[in-house]
Amino acid sequence: MYRTLTRTAIVGLLGSAAALNNGVAITPQMGWNSWNTFACDIDQDVILQSAQKLVDLGLRDLGYNYVGIDDCWQADARDPDTNKLSYNMDKFPDGIKSVADQIHAQEMKVGIYSSAGTQTCGQNPASLGYETEDATSYADWGIDLLKYDNCFNQGQAGNQKLSYDRYNAMSQALNATGRPIVYAMCNWGEDSPWKFAPTIANSWRTTGDITDKFTGEDARCPCKGDEGLDCPLAGYHCSVTNILEKSASLGQKAHTGAWNDLDSLEVGVGNLTVTQSKSHFTMWAFMKSPLMIGANLDTIDDESLEILRNKAVIDVNQDKFGSTARRVWKRQVGDGDLQLWLAALSGDVYAIAVLNTSSQQQSTAVRFDEVFRGIDYEDSDRQGTYNLIDMWQKDGDAWGLGVGNATGTLEDVQVEPFGVMAYRLTKSA
Amino acid sequence: MYRTLTRTAIVGLLGSAAALNNGVAITPQMGWNSWNTFACDIDQDVILQSAQKLVDLGLRDLGYNYVGIDDCWQADARDPDTNKLSYNMDKFPDGIKSVADQIHAQEMKVGIYSSAGTQTCGQNPASLGYETEDATSYADWGIDLLKYDNCFNQGQAGNQKLSYDRYNAMSQALNATGRPIVYAMCNWGEDSPWKFAPTIANSWRTTGDITDKFTGEDARCPCKGDEGLDCPLAGYHCSVTNILEKSASLGQKAHTGAWNDLDSLEVGVGNLTVTQSKSHFTMWAFMKSPLMIGANLDTIDDESLEILRNKAVIDVNQDKFGSTARRVWKRQVGDGDLQLWLAALSGDVYAIAVLNTSSQQQSTAVRFDEVFRGIDYEDSDRQGTYNLIDMWQKDGDAWGLGVGNATGTLEDVQVEPFGVMAYRLTKSA
Amino acid sequence: MYRTLTRTAIVGLLGSAAALNNGVAITPQMGWNSWNTFACDIDQDVILQSAQKLVDLGLRDLGYNYVGIDDCWQADARDPDTNKLSYNMDKFPDGIKSVADQIHAQEMKVGIYSSAGTQTCGQNPASLGYETEDATSYADWGIDLLKYDNCFNQGQAGNQKLSYDRYNAMSQALNATGRPIVYAMCNWGEDSPWKFAPTIANSWRTTGDITDKFTGEDARCPCKGDEGLDCPLAGYHCSVTNILEKSASLGQKAHTGAWNDLDSLEVGVGNLTVTQSKSHFTMWAFMKSPLMIGANLDTIDDESLEILRNKAVIDVNQDKFGSTARRVWKRQVGDGDLQLWLAALSGDVYAIAVLNTSSQQQSTAVRFDEVFRGIDYEDSDRQGTYNLIDMWQKDGDAWGLGVGNATGTLEDVQVEPFGVMAYRLTKSA
Amino acid sequence: MYRTLTRTAIVGLLGSAAALNNGVAITPQMGWNSWNTFACDIDQDVILQSAQKLVDLGLRDLGYNYVGIDDCWQADARDPDTNKLSYNMDKFPDGIKSVADQIHAQEMKVGIYSSAGTQTCGQNPASLGYETEDATSYADWGIDLLKYDNCFNQGQAGNQKLSYDRYNAMSQALNATGRPIVYAMCNWGEDSPWKFAPTIANSWRTTGDITDKFTGEDARCPCKGDEGLDCPLAGYHCSVTNILEKSASLGQKAHTGAWNDLDSLEVGVGNLTVTQSKSHFTMWAFMKSPLMIGANLDTIDDESLEILRNKAVIDVNQDKFGSTARRVWKRQVGDGDLQLWLAALSGDVYAIAVLNTSSQQQSTAVRFDEVFRGIDYEDSDRQGTYNLIDMWQKDGDAWGLGVGNATGTLEDVQVEPFGVMAYRLTKSA
């Protein structure tokens, strides 16, 4: 039994702990992760330079404060006596702990990576059966986040119980360390993690891996739309809209401290246009996905950086109310569709986004009686007057420009091809 | 192997106990439940006032005699010594037992709520692993019905065995108390409860949660039609017709004391029109769903009340023969479809309903050789003359007006947009 | 790895035992079963009179020699001391053994019924957990066949392992009695019994229950076509063509002593036309389904009887080669389709059937290069001349009339609405 | 998390062992297998003559060096004392070891066959429960490859865990012998072997059995396209394009030593045209499927032999880089589709194939910015000039003819009905 928590009802829950109860990722984690740009070509210099860039580019101060070391940091084999897994000494001559210390000194946090299998996806030693040893190492090194993958899982998948047990083992091991470590499950949406992960993890990937493509199919990512809720092969090279569509119904399963993860951001990685990047970033923020930058911060272009710096959009993602956006409607237009999304924010504020996945300019009207339909809202919501901030216009240097009021309807919203219009609505007193 | 029980065959079963064998919910439970209107905003005053309203409005005497306390009645945590879970002392200063005593004094019964998980959907302490402790508390308090939800179930779902074992634990615990308690499973149709629930529960929810919408899709309720038989995400905000369609084939799995539950009634809750409310109420009655009022009885409008008071329709639901209606045919018309439903009642009586889910007026003929087709019926059924009562016309103050006889065919049945025509057919001697 | 057994290859298998190895149902069982006509209204008179009718009508001598007592023969409860389940003494005052003795004296065999659950579908005591006790009773009574149903199975279903274990328990118990008892699984195709049943049973039902309807949908039987291979609700009131379509690909899983069961015959039961009954009977025979008569032998009409007596068709079903027919092609025509089926018989003989599920007359040509396509056949098959027997014409009193030869093609095969043309092809020397 | 291994990234993996770690099938196995032609009609003469033919026809020297003894080599029963399973003494009077010795003497390797069930598909004794006994026999006999089938598996299937455990038992037994034996799983794609097989097997069949048909449906092979990823009945008599389509997304799960097996080659078996055979052979090579000849080498026609001898295509299959081709695009044309495939080879070389599954001639342009799209490639890939070798033209006696250069686009690629164009692209310095 579910019901969108009304502002009244939420009061009763404020005292209740987040499900995982580790006190971290109260809002979706933000940061940078090494994989999308560097894959296995990482070492301590790459990590530390990227961390420095987060500071220098002002990203850390916007909330991007997790520096994620992804796959290929590991030694070739476990210590045969202790079963402990050390780092690759060529890549990390000073050790992971030293890297973590330096990042902590910059007031940021450190992420690491493993798989709930016998090997990682890059075929390095992984943690299945060694959860306690590895969690202990992570805690000893000062790790703050674990991305935990799904490769080579020895057939321990195929129903919720098998996946739950396998992922819960690491959850328990992390908790046992006493160190709060964000637990970011990455089992690609297999076995419906949204059903069982909220009590054991801070986030769970909902689909196969993202690629720098906005729309369109790829043979390597075979499921589409609702098929994604029970996809027999999660795959990879999934487009931005493929992932969004698969995740569209899943907001109901997330809550404070427990988030759907739509995968790292492709902003600045490659082939998305500026318009597509804005749409992608907006929707990931509305979906309360962790916002992990995948681009090379050394070479990222200014337009992409400006997108990542949109504080108005980030504020939707990091809003304390913790309510994932829901899709109010989807309408076929041209070669795609037009979608209206609504996110309730704290303090009688709403955010709406109109997304255009077609290659043609579209216009529409946003009717407040559709947006605020039903018993979860009141007539005052439907009939009220709202101050509007357009999140993708700038007010001087800052994203978010006041564009007047609206009552009843937002008329003639123009959305460019593959674009988005995103507004912050504050009810007038 | 199934076969509609013929009147002859049923004789052989009269001596056999209902499957769960707890002696309650011999006909589908009726009453009121706090969630749809009050959600977590409940306290003993809300419950007791609603109970009083059931009496004052004459609803109790029509059969609505279960007063359901839904989520958020609980204390924040279990007693660390006894593992017992008490009530929230601010909301229920006199205790649940006192509330129950007062309701019992009004000749009504009391329902309570928990989840077969570590937390309820509202993130309060739930009963997984504490079935005996909680069942004992319920019995001690004088509880008569348990609605048992599915949130946060620790991955103990995904096949019938896992769900059966989890829900059977509470079934056994309730039975062990010695107090007859209606056991109302609410696992949203996951893992086909209609296959395993009849021997352990009095009712089982068939789908995700209902909303006050008659037709149309909602992104939060992703499955449609037969997909609902194996839906990967039950969701919520499901429309009336979405739920009906998902449940259309499930009557074969229900029997006396074991019912499909299509969720609480949205009559008087919000956005259904009067016509839609009549259709909704009629179909829930025909489907032998429990009839739990979801509206605020303090503010409910008269037209909605009159619908809930339709004794002719209630009689279909509460008929002792216990045979769920089946759909005789469904035909696409306009932007929806026209459906003919048949329920066999005790004493050589039938009820038929013609439902129109389109937004246009429709007319049709009901042919008795289609209604009474096949070996389950006799030529005398097909060729007989029936006295007709129109359940949605009034005979003075009472619902149900005699509208003459029909032989062979009911000609020119007119059904308004989103409307229903419901008749009681009694064979002439 | 599969391959149609060629005539050469089969030699290697002749010495190998049938999988279940109980030595019975070497060809599909034939007989009569009480359910479709009498449901729970059975007693020893009904059974013995039906047995007598099998003899009197000449059906026994055509191979219909199993007399099946279906549900509702049981006492109300097991003996609390021995856990043994006796018969209903009002219905069977002389006992099941006496009934069996009388049937054996007529040179026929006796079937009985139970369910792999806590209750039978008619809510009588069933065998889950009492397999040994009940198998022993059956053997003591002289039972020769067990139809074993799937109702109220306590959630022990949902994957092959759970269903296999549950049904294997009875298989082992039957074998342990030392009496050869045909084991006829009836789990409605749930969990793909064709994958696991061949080593533990003589036959397995492939779908939900049949009804006396040739085509068309019924809300109670929700799956169609290939959906039937993984149907979430087997249902009942499935039409003849619905069941055929669901079973069309399953011939590959059957072999000598292990058969797909498409459910009892509706010939003479009710609403099938003579033409439809012929088509139904032909296809069940070609599919190597057990041929269990469901009609009331006391009142069956002559035309239906003549269909059941078609020895030419029965010979296809009972052919020692044991190869289930396969569908060579299916083509949409009018409001249905036209289907060509081929069954290989022993001794260089083939049977073909052209089935018309449309309501219009159809004509087609049967090309031998399509029928005998590929490496499983030789050019001599494709180019040979065949003597043709039309199985649905009579040669004097006997079904099967020689209608000449054909080389290369069978031209202008005319098939009436809902009808079938069935030929026996013998290669000319 | 996946990513196509870039040339840089792969360096980090070169030192890492193949997953199964048995050191064999580093590239997909090639050879001949007895089933498709001889089925159960095998003996030592058939095997040894076929081995001799591999040598005489020059196939061995092209890499076809596994001689596979398929089903029906077994004795009728295990030794009741040792549980060992011997060979059929009539068929193999000198014993399997002698056959193996003779094949080894010809510098080839020997394959054998069993099933992870109680019987093989041909109903001979199989290895479930006797993994250690049988693996030991194989090693003692000098066996180099085991094809391990899925028939009669006692319900130990239906989720990854059940299938993994059953197949892992033989994997462990084979490893325990100390002899490197290629482990070729053949469970027809049931339970997604691509998810769990790579760590325990060298190859796994992806679908039901192949037949000598290029396109078109067959009732015995019920799934199509993406349905094949979760097919409820793998079936057999699957066409070449049916198998290719089901396997199209699975390249991501294969790697060095762990291959998708699309089943034996139908080249020269029967009904494929020369053009269709070329397309079939090309795509199996690109998909990194094992290349096991299914034809009768005694009677194979010259055109088929020439196809099997195409060293340019074989080189794609056996390339050390081990990267399975992926489909760049698929476009509907006429009564089929046109597909572009890309395989990355070692040494800055690529192979592309344009496949036409329609019955009409097609032409297209191959644009390098589509082929080399995204972050996995560099601008130099997209803009470079490539030397082209047409793999299906001959340069003198050798397959592979230089046909000039291309920059940016391969214009006007003409593909005949059911045909393929395959090019090797080497970047100009």
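Chains here go by letter, A, B, C and D, matching the order in which they are written, and residues are numbered from 1 within each.
What we mean here is this: a contact is a pair of C-beta atoms (placed from the backbone, for glycine too) under 8 Å apart; a residue touches a chain by one contact, two chains touch by 3 or more.
Chains and their UniProt names: A, B, C, D = Alpha-galactosidase.
For clarity, every value in this text was computed on a predicted model and none was experimentally measured.
Under half of the residue numbers found at the chain B and chain C interface occur in both copies, marking it as a different-residue contact. Taking the CA centroid of chain B as reference, the farthest chain centroid is that of D.
Here the CA centre of chain B is 55 Å from the CA centre of chain D. Mean C-alpha position of chain A lies 39 Å from that of chain B. Counting partners per residue, chain B has 159 as the residues that reach two or more other chains. Chain contact topology: the protein chains form a single closed ring, every chain touching exactly two others.
The complete set of chain-chain contacts reads A-B, A-D, B-C, C-D.
Residues of chain A touching chain D in their complex: 35-37, 39-41, 70-72, 76, 118-119, 121-124, 149, 151-159, 162, 186, 208-209, 211-213, 219-223, 232-233, 235-237, 269-271.
In the complex of the two chains, the chain A residues touching chain B come out as 1-3, 5-6, 8-9, 12-13, 15-16, 19, 159-161, 163-165, 168, 191-192, 194-196, 198-199, 226, 229-230, 248-252, 255, 326-327, 330, 373-375.
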